[in-house]
Every structure is written in C-alpha cells, then in structure tokens.
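What follows is a group of structures, each given as structure tokens.
In what comes next, subunit A is part of two complexes: it sits with subunit B in the first one and with subunit C in the second one.
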Partner chain A sequence: MTSRCILQTALLVYFSTTVLAMNYNLLRFQLSSSSVECQELLLQLNGTSKDCLKDRMNFKIPEEIQKSQQFQKEDIVLVTLEMFQKTSDIFRRNLSSTGWNESIVENLLATLHWQKEHLEEILEDIMQEENFTWDHRTLLHLKRYYLRIVRYLKAKEYSVCAWTIVQAEILKSFFFLDKLTDSLPN
Partner chain B sequence: MLWSQNASPLRSQNLCFVVCISLLSGVLSSLPELSDKSCTFKVTLRNFRVILSWEVKNHSIVPDHYTLQYTVISRPDGVKTVEHCSNITASFCDLTDVWEVLPETYAVTVDGFRGNTTLVTCFVDFFLAAYISLEPPEFDIVNFIDHINVNVNFPPVLPKILEELLQFHLSLIIEEQSGEIVKKHNPVLDENVIGNFTYVIDKLLPNTNYCVSIYFMPRNLEAIRRSPVKCTLLQPARDTGSSESARIGGIITMFLIAAVFISTIIILKRVGYICLRNDFPKVLNFNNLSAWVFPEMPPLEAVAFVEVIHINRKKKVWNYNYNDESDSNDEATAPLTSTGGYTKHGLLSGLPGPTSASSATGQDCLEPDTEEPNLSELEAESLMAPEPSPRLGKLLQDRFSEDGSSTEEAGDKIIFNVNLSSVFVSTLDDDSDIPPVLPSFPEETYDLEDSHTLEPSFLASGGEGTQPPFPTPSAECPCPEDVLSDKNDNSESDVDIGDGYIMR
Partner chain C sequence: MLALLGATTLVLVAGVPWMLPAAAGGTNLKSPQNVEVCIIDDTFILRWNRSSPSVRNVTFSADYQILENGAWLQLPGCQSVASTECNFSSVKLNVYEEIKLRIRAEEGNNTSPWRYVDSFTLFEKAQIGPPKVHLEAEDKAIIINISPPGTKDGGMWASDSSGFIYSLDIWKNSSSGERKTKTVYSRDKIYELSPETTYCLKVKARLLPRKTGAYSPVYCIKTTVENKLPPPENIRVDAKNQTYILKWDYAQENVTFHAQWLHAYLKKIPGDNSGKWKQIPNCKNIRTTQCVFPKNTFHKGIYLIRVQASDGNTTSVWSHEEKFDTQLQITLFPPVITMKSTNNASLRVYISAPEESENKPVNHLYPLIYEIVFWENTSNAERKILEKRTDFTFPQLKPLTVYCVKARALIQDERWNKSSVFSDIVCEKTKPGNTSKTWLIAGVCAALFSIPVVIYVMKLLFRCISYVFFPSSKPPSTIDEYFSEQPLRNLLLFTSEELTERCFIIENTNTITAVEETNQTDGEHKKYSSQTSQDSGNYSNEDESTGSKFSEEFLHQETE
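Our next item is the complex of A and B:
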C-alpha cells in the first residue's frame, strides 16, 4: 500500500515536471511570437518625433531588465506577465490625439490580452505546485517604470508627442522582453 | 578560428518562429519605408558595418555634400553631428562606431548642400533593431575530397553594436546545396568570434558539385538577404584507398545481410514456423485408397482356447479316525492316492458345519457339496496354497483334538503334499453330466461314475496357443478372504465362463 502510494506520487511529480518543462518550451515560443507581433503592430502606428524632441523623457527601464540578469523561470513568467499587463493598461488610455488606426490598436490589445491570460494560467500552476521566493525587487522596479510612463502621459495630457515618445519606449521594452524570454531554460 | 560541424539544423525555436509567425501575421517584413517627403533612408549591416544610406527623392535636387546629425528618443539628449559624416559627398554614412545601442529609436537629420545652400533636409526616426537590414557577409570556400571549408572574415575587433547583434539579434546560416538537396548549417556565434573563422561542411560525396550560400537570419524575421551562391566540384576520391575500402565494406555488408537472412530462415524452420513436416505416419497416409477402403486386418492376437472340462470324480476322503471300530455315516472314505494324484483329506464327524464365510465360499469354488462342507474349505485352501496355511493346520489340529483321535502335538504343522500340476479349479456347469475331456495326466485316476460328487474340473488347454493347466491368479479360485462376500451366493451367476476363463 505504501509502496504503491509512493510510486503514484513519484509518477505524478515526474509527469508534472515534464508537463511544466514542455510548457516552458511552449511558453518561450509563445512569448517570442507575441512580442514580435506586438512590435510589428507598434511599428505600424504612424507618427514622427520630428517636432517632439522637446517632450522626450528618460523613463529609466530597470537595469535588471536591460542587462537581462539571470532570472528563475518563475520570475521570468511573473515579469513578462507584468509587462504585458501594464502595456495593455497603457494603450487602453486616451488615444484620440494620435490619429492611429483603431484596428491596429485593437489587434495590439488583443495580442496583449491573449498572452496575459496564458501567462496567468501558467503562474497559477507555478504557485500551486512549486514553492519559491519571488523577486519582489525587480517587480517593484518594473511597476515604478510603468507608473512613470502613465504619469508622463497624464502630464502631457495624452498629446500626440507624448504618445510618440511612449510608443518608442514600449518598443524598447519589448526588445528586452525578447531577451528575457530567450533566457527561459529548455 | 575553426568551427567543427555536425550538420546542426536550425534551432527549433527559430524554426518555430518561421512557421508560427508566418501563420499569425503573414509577411512580417511589411514595415513602412524609412522616408520622409524628401528622402528615403536605409540602414544596413554590410560586412559587419552599420551603414545608413539615403537618397533624395527628387532627382532634380542633387546636393554636392551632406551632413548627418542624430539623436535618440529615449533620452532627452542633444542632437549630435557625426564628424566623419559631415560635408561628405557620399550619400551614406558608417555609423558602426557611433551607434552602440541596438534597441534604440534614432532620429536622423541629413542636410544636403550645394555650396553653402541647403538644398534639402531629410529627417527620419526609426527603431534600429527593427529596421537594420542584414546583408550577408563575404566568404570564400575551399574544396577537398569529402568536405568544404567555408571561410568568413569577421572584423578583428567587434563593435559593441555588433556584439549585441550577433549575440541575440541574428544567426548565421550556411546553406549547402547539391542537386535538389539543400542542407542548412547554423554555427553558433558568440561575442568572441573575431577574425577569420572557418566552418567545415563534411561528410560530402567526392566528385560531386556543391553550392554554398550564407546569410544572416534576423530574430524578428525580416526579409532574408542571401549571398551570391558559390559552387565547387569536389575532388574525386582516390581509387586505391577509399574505393577499395568501400568495395570491401560493401562485400562485408552483403555477407552479413546474407548470413542474417539465412540464419533467420533456419531458425524459423527449426521452430516449425515454416516448412512444416508433411511426412505423416503411415496410418494417416490416405493416398493409398485401397488400403483406406480395405484396411488391413490387424494381426490376430494369440488366443488360447480353453475348454472347461467337468469331471465327476469320486472324492477321496482321508479318514483321520484311527479307531477301527468306528463307522460313522458321516465319514467318507477315500483311498489315498499316491503322490501325483489328487488327494482329499476328509474331516471327522462331529465337526462343526461350515460356520465361516470362507468355508462357504470355498464350496462355491470347488462345487457346492453339502456332505462335506468343511472339507471343501480345506480343499480350497490346500488348492490355493502349495503349502498348508497356518489356518488350515490349526483347523485340522483343532478337529483332531475334538475327536480325541490321534493328534499331533499342539503346534505341529500339518504338511500337505500338493502336486501343483494337478491343481484344479472346479466350475459350475449346466452340463455336469457330460464327462469332461481330460488332459493327459497319467498319474491320476478318476472315477467318472459317481455323478454326485463333482471333482473340481480343470482347465484343459486346446486350440491355438497353450495355457498352463492350473489357474492363473487372475482366474479363479478366490482366496478365502475374497469369497466372504459370496457366502450366500451359490448361484451359477458367480461363474463366468466367457472367453475360456473361469471367473467369479
């Protein structure tokens, strides 16, 4: 009886880790795909910064994200989820001054939402099956980063130049998100 | 720097990129052109250099020199003038050592002058990582008998932007084509790759034409720009060496295949899986129809016919009464025959009648004879045993003692001489009046006139085969213990004379 229980538990753990391993490979692929698509959509949003150089601002993306330091795979999931979530929140704000194609914006929001949902599911699985310490410091820096962007938009009253500057900043953040995703283990 | 080659395919994740991204958003290289109303720009990685080129749209406006300035969008930095791109006549600028950050949106201004007159001002801002076009590097190939060396010249010192490009943004693909077969090789490049490096494409067929092409594949799957194809014909292999060894290898391979095949056939045959035996036994051979229709009679078994002969014999009673005067009616006297004859020993009068089952069955065996039941028992026992049984001896002793006749001492054995050749088994026969045919026993005499007494009949052998004249243990005079159950059954059904054997 005991040996059977141990065997069943061992099998469950083995297959769970196997499934999670397979999910991380799939997650890497999905994240990369979503990131590339979001970048393509952002690049299609027309606009120029010729008259907006005076509105530039250094939002100071966290150094942990820029340098792509070694994260645990669970932290990568959490960080990417935060980035997709906050980006989606930003582009749901007042875009009326930009004159951007609404279908492109809707596609962008749909991609962000889909990837966010998938990351939330994986995060739930991680929280149920594994016990680890989250990197709260990186997450806090990330939250502050996006908060600065939101405050900037509010301060600039969602002007076209402000959105142009934010557009460039979000493109940069997705580049670093790609590097984070690429560091997910096999 | 020599890179070993294992014909490694594309990384699976890159392959997935190609498939999935293509499905999701079609052609991803549909980015807006870098241009403004006056100029068209293009940023290219050419021979590991970041080159920004431009072209004035209005061909009627032809500046004689240009000046390039730039700034970044992510920081509120000032506009910077590129010194080596000021007052240049060329319409391109090498910005490899100027732009160090790949993930950056650069805002570029190009002023076209004729003399001191600004003829045109062009402005463009673009995200460098997305818009940089990767031209394939220059390379050359060196062919050998069975491999090709692909030499790519990397710069002796990698610029910072190139480090980031090679580390993350792009991968180098070497395509090898022979006929319709295309193989892709993906050597891993890191930030330490510098100078000339050689990639070896091995395991090639001698005396075969191969074409090689290389290109960078960007991560964001922008349009791939392949290098011009370079083809070469490999040198033929030496006949003495490789061809002979190939021939020997082929012969050995054929031999091994044949050995495996033959051994498999042998094993299957021995197991019985194939080539089942069809040599049936003769009895299962139905080809001989006549033998089938007219089967041969099995050989007859040796049969011995036995004829039961009933002999009415006068019993010879041995009178144990030594008193000359006594003349009991119960007595039966019989002459004592000589040895070799049948002798019956009678019992004295007054002896108890048959009380035991054995005595009764003993009668059944011999022939029911009410006159001398006790004697029948003794006879039966004497007939069955060449040696007197202890029970017989005791019985006789007891009877002698009762009568007061001369007895032997208690414990003395009474020995009967029994001629085994004359042991008979009597049977009940309906035709008891018919005198049996006697075998040749010259020493015996029989009285056939007395029909009241029935002598035990004996088995006469006749016919084919021979039979011993005395019963076999299977036929029977039953042993006394065996006949206990037949005590009251004196019917003729006890005797079965079928097949020449007497059985009970």
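Our next item is the complex of A and C:
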C-alpha cells in the first residue's frame, strides 16, 4: 500500500513539474497564431499601382535570424519580443501617403502589442528565476536592422513606394519569426 | 690607432641616442591608464588616469575607429585635453555600431604609445538616466506623466523609447512612509490614495533584458479634497455567448454612467492620448451598473476601459482604467470522458473534446491539459492528476471495484488560470482475477502448444525402443541395391518361404507314385529309386516347371 502511495505522489509531482516546463507550449501556440494574424492583416493593406522597383533596398536581415541558428529558448523570447516591438514602432509612423485602412492598421498594432505584452511577462519571469547570459550580439544586430528600415523611411520621406517596400520586408521578417518559433522546445 | 679611437667615439656618440632614447629630449611619456567609457543617455564621457602623478604640460588626445572602416579619426571634444576626462557627445555615430578608441599622452612633440580600448558599441555601455515626471492631483488619485530619459528625437534611446518600463515608488510624506512599488505606463494614474494627503514618489525606467536606469528626483504632491461624486469601482468584464457584459459597482443612486475604451498600446507611446478614448456601444447615459455590447467590437488585443458617473450637475472623475485582455475571456468547455475496464484490473480512460455546439468551442485552438479526479466509489479519497495525453490507463487497481472519474480542461499556463467546469462523472467496475487468471490462461495455452511436441517425442522414443528390443527382420533397403539377382539373393538371404518341389518316385512301371518331397534347407535332395531297366531318373530340378515338364514327358512316353 505504501509503495502505491509513493508512486502516486511521485506521479503527481512529476506531472506538476511538467506543467511548469510546458510553459513554452502555450507561448509557441500564441506566437504562431499572432504571427498568422499579423501577416493576414499586413496582406490586407492594399498595394499601390505605382512602380516601386527602383526603391528596392536590401535591409540585410541579421544572419543569425536568417540562418536560424540554434538559440536558447530564453533568447528566442527576447528576440521575438524585439521583433514585435520594433514592427509596432514602424507601423506607428506616418502612413498618410499610403491610403491604408486605419482600422486594419489599428488591429495590426493591437495584435502586435498583445503578443508583446505576453512576451514581456514571460521575460520578467525568466529574469527573476535565473541569472541568464543573454545573447546581446544578436539583439544588437536586430536593432541595427530595424534602424536601417526606419532611416530608409525617413530618407524616402514616408512615400507610398517606401512603405510598400517596408511592408514586404516586414512580411519577410515574419517568415523568419515563424522559423524561430518552431525551434522552441516542446 | 688614433683613427680607430676617433671612429669608436663617433659610433658611441651616434649610438647613445638609440640606446638611451630617454636621454634625447626629456622623460619618457607613459600612456594613460584605467581608461573607461561612461555613457549616460546621450552624454559620452571618456575617463582615464595619468600614468605619473607629476603635473606638467601633459595633454591627452583620443581617436576613434569604426571597425568596418579602418581609418582612425579624431574624437571630437577629446583633443589636447588637460584633465583626465573628456566629453565626446558630439560624435555622430550609430549607437549600435562597434567602435574602438585609443588615447595617448602628449607633451610638446613627445607622445606616449597609444592605449587602446576594446571594441564596444555605445548602446551596450549606455546607462539609462532619470526620467522626467509631471504630476497632477485628484482627490483619491495622482495623474502622472513621464517623459522618457534622453533627448526626444534621435539620441541613444530613439528606437527604444516605447519599450521603456517604468517603476514607481510612492509613499506618504508623513511619519510611517510605507513604500509601494508599481509598474506604470508613461501616462498613468495611481489610485486608492487618501484625499488631502501629501505623497512623494520617484520613478526609474528599465529596458529589457537587463538595463535599469537611475531614479528620478523625488516629487511630492498633495491630493485634493474629496469629491462629492465618487467614480465607479470594481470594473469587470464577463463574456457570454456573443457579447461582453461590463459591470461595475456604485454606491449612489440616480446617476447615469458613461463608459469608454482605449487601445492599451497607445499608453506606451509618450504623448497625449486623451483624445483617443472611444465610446463603448450601448454604454452611454445608462442608469444600470452594467452594459452589454457585442464581442466583435473588439479585435484581439489589450484594451483599457473606464467609467464615469454623472448626476446631471456634476460628473465624477474617471474610474480606474481597467485592463481588458480579449483572450482571457475565452470559455473552455468540459471534455467528454469514456472509460473501459481492461484485463488485469485496469481502467482505460479516453478524453475527447466536447461536441460541436452552435457556439463552436475554442477548446481545440489552445494547447490543453486535463485535471483528472479519480476515486473509489465507496470511499471519499480522491486522487488528482494532471495529464496531457487523451488516452491513458490506471493500472493495477483493485479487482471488482467501482471507480469514478471526472475531468476538466486547463490551459497549461499558471498565469492564465483558465479552466473549464468539470465534466460528468463516469464510473466503471474493474474486471476480476488478475494474476491467477492470466496464469491459468497461460498454462492452458502452454499445454495446447506442448501436446504435439510431446507426441513427437514419444514417437521417437518408441521407435528407439522397438529398434533395440524388437528388431525388424526385414533387410535394410540398401541391400536391395547391391544384390538385385535372384540366385545370389537366395544364397545370401534366408527366406522364410519354403521351396517345394514335386517329386515323382517311380518304383515299378506298374505303379507310378507321385511322391512329394520337400527340400530340406541344407540343399537339394535328390531322391530317386529305379527298379526297372528304364532308368528314368527323377531329377529334381530347381524349378518346378521343369519337373512338371518331365512328368508330362514321361506320361507321354507311357501312353505311346
């Protein structure tokens, strides 16, 4: 009888710990559904009939993100937070030239913000738990990448072609974000 | 000799400056030590120590290099500096770019070797300075307006200004001064304060992951006199079918209410967003302390909701801005359980999603775990387990006992704390006989399989025994191969059949007697007797056929 009791207790403890470890399962689900929604909203922003080929620009997305190197799960949280944050900052800028539907842009910002808030909560938990060494290098490269996009928009004076190029670039960045999300542990 | 002496002197004189370079033009200059970069917001300071404490006309100059370029450029504000620190804030650099610095001491034409600083980015070394705070008092709340540290446009935190998280410490100015720490937006309100009291506070900004800034100076403000009309309290939102129900509490009667909403992300942007609050449909000038509005008013996101009361003459201040996350309002439906009793007194449990109703449950969209409560029908002792699988077994239970099970679905995140109600209780009785039954079945099967084996073994044994004790007189078949001819065969083999021969014994011509004689085994026996002149012998031949022929001939002769 006692051995059975011990077994049950051990099972309970085991399952409790697996619940805590499975935090990343919910995050992965949230990240992929947010990413899908954002991409859908981005695609709803109607394109322009103007020829924007001459305004094309290589923003040089960081190699670490492009080649989807193996990140630790805490770094993935930090990197995805930065991506959602910066994308949100970009779409709050001057969109008057584009003629895009304002409520779609608002919904996009709302979705980005929602995911960002949840990522921040998880990051605060991580920071309290452990003295983790962050991958500052990748974060720095990412900040540089988004700064290039912002400078490009400013240089082109937020023209409709510049926004079209940036819209395509952000969609591309979501593709890499999805790959990062997939590499989160189960 | 003299020429040699002269040459040596010349060499020595020429060589001395090489060997003693210090002797050439004064003391040797050493490069500065303990060079460090100190950055707070947009102020970049370079500090160092003198190598020798003696005060002379020593100045210092620094250069910088953008790693990709390779050329060393003069660091503005750090050329020929007499003190041990310089301010190079005017340099136009990308804060995320890696740079290298070098500094040396100079005295006239004399320079020390360069002292290099390892490559770094301005951003990583930067520390967050104090934010600026503006306060406004209400009766039971203080409105705060925080400006991010650094310069407004451009500067160190240009890209990150909306990412700042502000921590606020607040305490009463009076004796006890119990401190409370909160996280606030850049435009926010601090509630639950007492009227006509002086509060002091200070704020610091943080950037994830690890940058924490300095505290602002302490600001103090006194709350106003209590208003006649208090704001509504305890605002909450419930979800029901396709609508949200907004509820609040209010003590007084005969007032109308007015509810508004705002995108939460607008609070993160520095600046005034007071004009961006929007009306919640069906929630203007209502007399009840609740209002109902459709779910599709809000897209997925986080919103802030505030309510105001009005009695016609005066309006209250706005209530607490309640955070409303649309995703936290989902309803989880209870799962469906089926249970089967399997052999060995175990119960197998299957959990399935609830049936699709018209509301189309959202269970399947979220990763779920199940909390299962399991107990014996007769006792009250409950076992709770958390299980992710939808098909599992409770092994080794008591046989012939009724066990009951109920389960509910949970979203696997302790922060969310969302669960469905418990499902219906399902009970099942376990099957009897565990180990003995299985042994019996196993034994029967073993017996069935072993019967043909035993028979075969017995057969072999019997063959063996009969070979030894009851040998067969049949010759082995191999002999047939070698001895196929009959005579030789007869010679070698002792056949059991007897060769019989018909013999005719002729004694007189008168009497003919057919006598049959049998051959004996040791040879052919010729027996004849002749008493007549006709010597007709009886020749016994090997085969009967000739014998019979002979007798026929004889008869034939007789009849002639």
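Here is the rule we go by: the second predicted complex is superposed on the first by the 163 of 186 C-alpha atoms of A that agree within 3 Å, B and C clash if a C-alpha of one lies under 4 Å from a C-alpha of the other, contacts with A are read in each partner's own complex, and residues count from 1 in each chain.
Here is the rule we use: a residue touches a chain if its C-beta (ideal position, glycine included) is under 8 Å from a C-beta of that chain, and two chains touch if they have at least 3 such contacts.
Keep in mind that what you see is a predicted model, and the values were worked out from it rather than measured.
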Touching partner for A:F176 - first (subunit B), second (subunit C), both, neither: first
Partner chain in contact with A:L123 - subunit B first, subunit C second, else both or neither: second
Of subunit B and subunit C, the chain that contacts the larger number of subunit A residues: C
Which of subunit B and subunit C A:F29 touches, first, second, both or neither: both
Which superposed partner A:W114 touches (first subunit B, second subunit C, both, neither): second
Partner chain in contact with A:L53 - subunit B first, subunit C second, else both or neither: first
Which of subunit B and subunit C A:K86 touches, first, second, both or neither: second
Partner chain in contact with A:V150 - subunit B first, subunit C second, else both or neither: second
Partner chain(s) touched by A:L140 [first = subunit B, second = subunit C, both, neither]: second
Contacts of A:L95 with subunit B and subunit C, given as first, second, both or neither: neither
Overlap of subunit C and subunit B interfaces on subunit A (superposed complexes): 29, 33, 37
Sites on subunit C touched by subunit A in the complex: 94, 96-97, 121, 123-124, 159-160, 162-163, 165, 208-210, 263-265, 268-269, 299-302, 325, 327, 365-367, 369, 383-388, 396, 411-416
Parts of subunit A lying in touch with subunit B, wherever the complex brings them together: 28-29, 32-33, 36-37, 39-40, 43-44, 46, 48-50, 53, 56-59, 165, 168-169, 171-172, 175-176, 178-179, 182
Contact footprint of subunit C on subunit A as seen in their complex: 4, 8, 11-12, 15-16, 18-20, 22-23, 25-26, 29, 33, 37, 78, 81, 85-86, 88-89, 92, 106-107, 109-114, 117, 120-121, 123, 127, 134, 136, 140, 143-144, 146-147, 150
Subunit B residues touching subunit A - in the complex, by the definition given at the top: 13, 16-17, 20-21, 24-25, 28, 31-32, 36, 71, 73-76, 79, 102-105, 107, 123, 125, 127, 129-130, 168, 219-221
